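In what comes next, chain A is part of two complexes: it sits with chain B in the first one and with chain C in the second one.
After this line comes the complex of A and B, so read on.
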């Protein structure tokens, strides 16, 4: 035995060369990096450990006790004793008689972990029983039902019936702790994820626990409210129904909702999101993990912005102005009328105001439209505001990088001003406005447009520009179309269609394509959005070889802008410091 | 988690394979009931008498209502309890389970000044489309609040689709008050 071990290299030495350690999980040996948390090692071995308080993006206090596993190490050697290795080259594991938490302990060489077995199962059952002692069991009225880990683990690891016959501890229910978040203290399992998030990520420590033992209560600091613009992330973090969204409160049970992976379009960061829909309505938008964009968070202001597309002011039919009044028209007639009207003007008299809120595909078709019209006056509206030092970028347009790539950066700043001047001088007499309200966003006045003889606008929501337009073509919101956008760091990301556009509204790219067809009077073979991306990939060099499936749910780096996202930088710092797993 | 259990079909012997005995058994049951009703001993015999022969009920002058068994499944309806609290908290489990998708619920808040404010949630709208309902009783079975019951109303008619859409008010009208239910939202809750 000792001869073979001396001639063969032991697994521990093989692993050590690569900075790894050997860990036995449920009987199988795997190699994981030194310093890995036990819970993460188990995850890699596909042995998921149930947990409440542990979250890879937050510090690990180890207070829920749900992730207990059985751990074992080789017995400590007596002085002068040599370690003994078995045939596979491992030392025998001496199992500890009591369980340990998997979230805050790291792995070691030759460690054994059991995520199953009587000890672990009994422990979990016991922890679940304690957690449920004071739980109000009001699942029928709880918004978390259906996505509640207390429900899930209760089924998987609980004992099924309660032995508790005393009265439950009463705590505050339906507490107003902030403008967007509701608290139910009876449902809280004291995992402290929200407390840690507000302290460590949102940098606004307003939450904390008061009282002791079974009376422990989550609450806001005195005279404070949970009003941070990142406060709603605590709702997603909360493993139970203690923190719920006021906006989503009692709107719909989650099991009815369809999830669509998409991205946020309110700033250049492009937080990855999940859009939750049922029928023709968006019920909520939640952040989706992408470690290169938004970690797992998103700002409240962006999360709730979907409401502006849910009012009664959505445009559902094409409209053509006759005698100063908009009249509903059919698509064909409206497009014919638009093409006819545009043909009346010289190429130099027509200008296009596009938007950096448009997808790459739409921008590419807009460029084609400009070529068919022969005009060079094409501009987008800038939206600059304060960055918040976390996820909100100073650039509130989601696709400025796309505009730069597709429409070019040359003189981009002056384009809008020259169109404005052209309008005032009377050199520009026809405007095509795509997805922008020029009065609100570009500060145009009615006087500016007084000399304009024709305005065609593509808009999803009724606004002053649509009202002033001669022809209005109804389009889609971010949730109603597919496409791609490039975020502030140069990452190409994908929007997916969660809903159909309302009424007779169409997707923007179809509208621009059809208008181009009417003007050019010839056919092309752009039938689906993939065709547009294919054409874009063949004409703009950065997009070479790009398809929607290659972009994927996590996006891919397309260009290097040199910009960074502050929240991610802070997170990297914390990973390097060993504070979080990341 | 789920274990696959393979079940064996029972072996049939020759007489079972012939089916003749089973047919005879069925015929015997039919004859027994025919005999019972001829001799006036059948269920609802009082009502059947009026036909002269004692075999036919004169519907709609006479109705089955009194003879319906306890487990009869008629129109689904919402109930209130002794405290006049509407039992339904709009958890939407019935909407989820309903095989023909006949139920549509829009949940709503209970305002803070309501005596039952602690229940927090109740239906703002509750519609059952009776043109869709198949009287399966799944809604009753799944309800965690003892709020929806299949009543004995079977003659659900109307001259338009709108009449057959039972809204919240109509559902409580049919359901009425039900005594002896578990008071889950008691004073210690």
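After this line comes the complex of A and C, so read on.
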């Protein structure tokens, strides 16, 4: 009879096969990839660790000391000693008497982490007390109030009262460090996120600290300003109210704002955004994390572009020109007038100038409109400029890829020229202009349009094209509609409606739909934007099976354009170098 | 060494054993290389470059040399931490940022005996495979910086520094880098950041252990001036003979810098651990000033925990446990650690009964509040607060509860910071409060306001 010893497979071996390690977090064992930071492992175990300085997209200096946890490891073995395993197959954990930072330390096999317990709680309470002793506690007038981690962690981990009765350290307040960013040094917790961002991501290391000890002061390099086009990202990064937006300063308490997830429409990158609104107004736009598009950042120029839709020049009612003067009209009359006027022309005499700023749904309906009109003269206006090597694409149109797929207007610049020539020759006598100012963007002159007998324009903001138009149909800004666009890499993304269009203005897709129906004399079967996408999905093969919920908040790759986003490439490099978590 | 004559009044005490300080205050001594060579200088370098570099490291390991900068970490072991498959350049840094209050030994070496340090550095660089060495000189030693630079040039002319040292093919450049007067630059990773041209913010460990990821992210060995000088003597004596100096695990000699309330303050190079506190303070330093009594001693620089002269310590565990009277403490790393303090940088600060502990505490707090680099929260905010608290104690404006607050603040710093500064600044406070609580409390008054009535009510409500 032979004796067989059954070798039990230990958890460590099971994990190792998959490149994982076993970590005990607050008593529960989980498996995470080798090399995972402790703070990320805790997050996976739903044991969120409070932190100020740590940010997955930036290097980890470990300076705030808020993320300290208790760590334990199996006992160190004497030479020749075999490890002992308990019933579950783990080694017993010997807990360290001193806390460690969770942000920069990585996990190891059989490691234990406690995010609770007296040691950890006392440590957090101590750090919170220290952070608050010299803090001005001016929350009532601080823009960060309501989204301030100092406030949040005070509630969760603070003492609730202060033992500090000395004079607080005085530091500079209301410091003008740049055209768009304001600094309050007394509120600063010296986490250095802004310093690291400007150095590591924005490549413009203008921020740094001066003085030392409790007098440490964040400042801008002498003779320099925080004037990078990425400078406002430091405002989002700042966990407290030290860096605030000059644009948003004192405008609104953040808890009154409604958040709408959307995308930026100022270039082909399509940075993911959150639009913050109250009532009929956008108060700010901030970047939203999407690791396939914009990481967590966006350029200042794009962030602030929402203002151009908040002026007094918004179009709020349809207008029909009578005796050379625009008269406010009802929608039905304006649409009827438009259809009647267009019917007066032969198909070859009508041209459509659409826009690569339109959503896929709008473009699809525009294509239908062209079919109803029978015209093949349909063009969009190119917008090319310098790329910035980070997030701003050379293509300043947000949906060129959508135009290519839906209108199939590769080489639309050529078509625009033939429309221009047609106008000059008198072959084209009627124009439908959608979301473009042909004078500004397409460099048309009044002479070009001199022979044009009918101009119908769909526009959100008063401009020269609208002024020259016979009929003006008021439409929506990016924040006032739903729809989808395809970015430079071929990713399909979703715009969401944060606001209602002002006055009697309507969403663009409705306007184009209604005009098409009037021309065709058909019954409507497109009631909501989903109906349009459904139709698009059944017509254009790349869109097959696509719905808004499938696009989701993070979008999805639709086509492969072979293009990359430089900032993301730089980020990948830093992840590979182990500099950041990513 | 009987033939060595010292300047009048500077003669070593008979109990001293001078290796490192052999040439300090020596009659007819100067900093020139001729003088050094005439005294047998650079012979150990000649000997060392004929050895295998690994053999030198082994010698240093066997000698038991422990770092003289403060932490007392074995020097040879530190050298062994350079990753074996390293392909990056290795840097050697001599830490001459001597700034621990109460410490004044390295300054004599760099001012009076520069070639001893250079010889020690070249041997050490040869051992660790470094071709670039930096001498980080504190800002307050401008003359020493010039002395060292001149000495390096002399050594270069003689072929001890530079290309192809002594015809061996070994190259080494030594650069003197001057600091800008910051205590934190003595912390090795802070020093490295400073050397890289940045603010001396200490780095987190892990991952930035200098031996693997140091200067310019390359392996870097940072050693104290005195430690590097010892290397020369280890080569000269052989590790076995060197290890016979001192006591077990605490070998060699070390320089004790005695300051404060003794008759004869000064520097004394002694064999580690062969001297008790009594012998040091009475026999060598001449006892207390007339009419005074010793009260307390800070044994290893201002950051070490204070010891009361009437204390008795429990040493050892289990059956080996014994009581040790303050006066019988041996001045070595392990004994002082067992007494809850540390040998640190060798700066022995003596206080007699004329000293108010509140003033001592406040003086230390002012230093650390001023020197905190401000990078991490507990140190940055805690030290400023401790200073403000002890200011009120000294000024008679504190309430008895403030002592407890001060102690709490110290423990909120201790063990929570990026570098050892947190311990350096909180240990003295913890120790002074623990050992002199009554004296401190006597300086407070119930009439002083601790917290406002509202704050007290809130505290009470929250602790219910």
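The working rule: the second predicted complex is superposed on the first by the 572 of 582 C-alpha atoms of A that agree within 3 Å, B and C clash if a C-alpha of one lies under 4 Å from a C-alpha of the other, contacts with A are read in each partner's own complex, and residues count from 1 in each chain.
To be clear about the criterion, a contact is a pair of C-beta atoms (placed from the backbone, for glycine too) under 8 Å apart; a residue touches a chain by one contact, two chains touch by 3 or more.
Note that the coordinates shown come from a computational prediction; the quantities given were computed from them, not determined experimentally.
Student: Quick check for you: in the superposed arrangement, does A:216 touch first (chain B), second (chain C), both or neither?
Tutor: second
Student: After the superposition on A, what does A:173 contact: first (chain B), second (chain C), both or neither?
Tutor: A:173 contacts chain B only, not chain C.
Student: Which holds for A:121: it touches chain B only (first), chain C only (second), both, or neither?
Tutor: neither
Student: Scan A:259 for contacts with chain B and chain C and give back first, second, both or neither.
Tutor: After superposition on chain A, A:259 lies in contact with neither partner.
Student: Looking at the overlay, does A:250 come into contact with chain B only (first), chain C only (second), both, or neither?
Tutor: First partner only.
Student: Comparing chain C with chain B, which touches more residues belonging to chain A?
Tutor: For chain A, the partner with the higher number of touched residues is C.
Student: Contacts for A:313 in the overlay, against chain B (first) and chain C (second): which applies, first, second, both or neither?
Tutor: Neither partner.
Student: Report, in rising order, the residues of chain A that make contact with chain B in one complex and with chain C in the other.
Tutor: 167
Student: Can you list the residues on chain A that touch chain B in the complex?
Tutor: On the chain A side, the touching residues are 136, 139-141, 145, 167-168, 173-174, 249-253, 255-256.
Student: Residues of chain A touching chain C in their complex?
Tutor: 60-66, 68, 98-99, 101, 104-105, 122-123, 126-127, 129-131, 133-134, 159-167, 169, 189-190, 208-209, 211-216
Student: In the complex of these two chains, what residues of chain B are touching chain A?
Tutor: 89-93, 95-96, 107-109, 118-121, 144-145, 188-189
Student: For the complex, give me every residue of chain C touching chain A.
Tutor: 182, 199, 201, 204, 206-207, 369-378, 380-385, 388-389, 392, 405, 408, 412, 415-418, 449-452, 455, 458-459, 462
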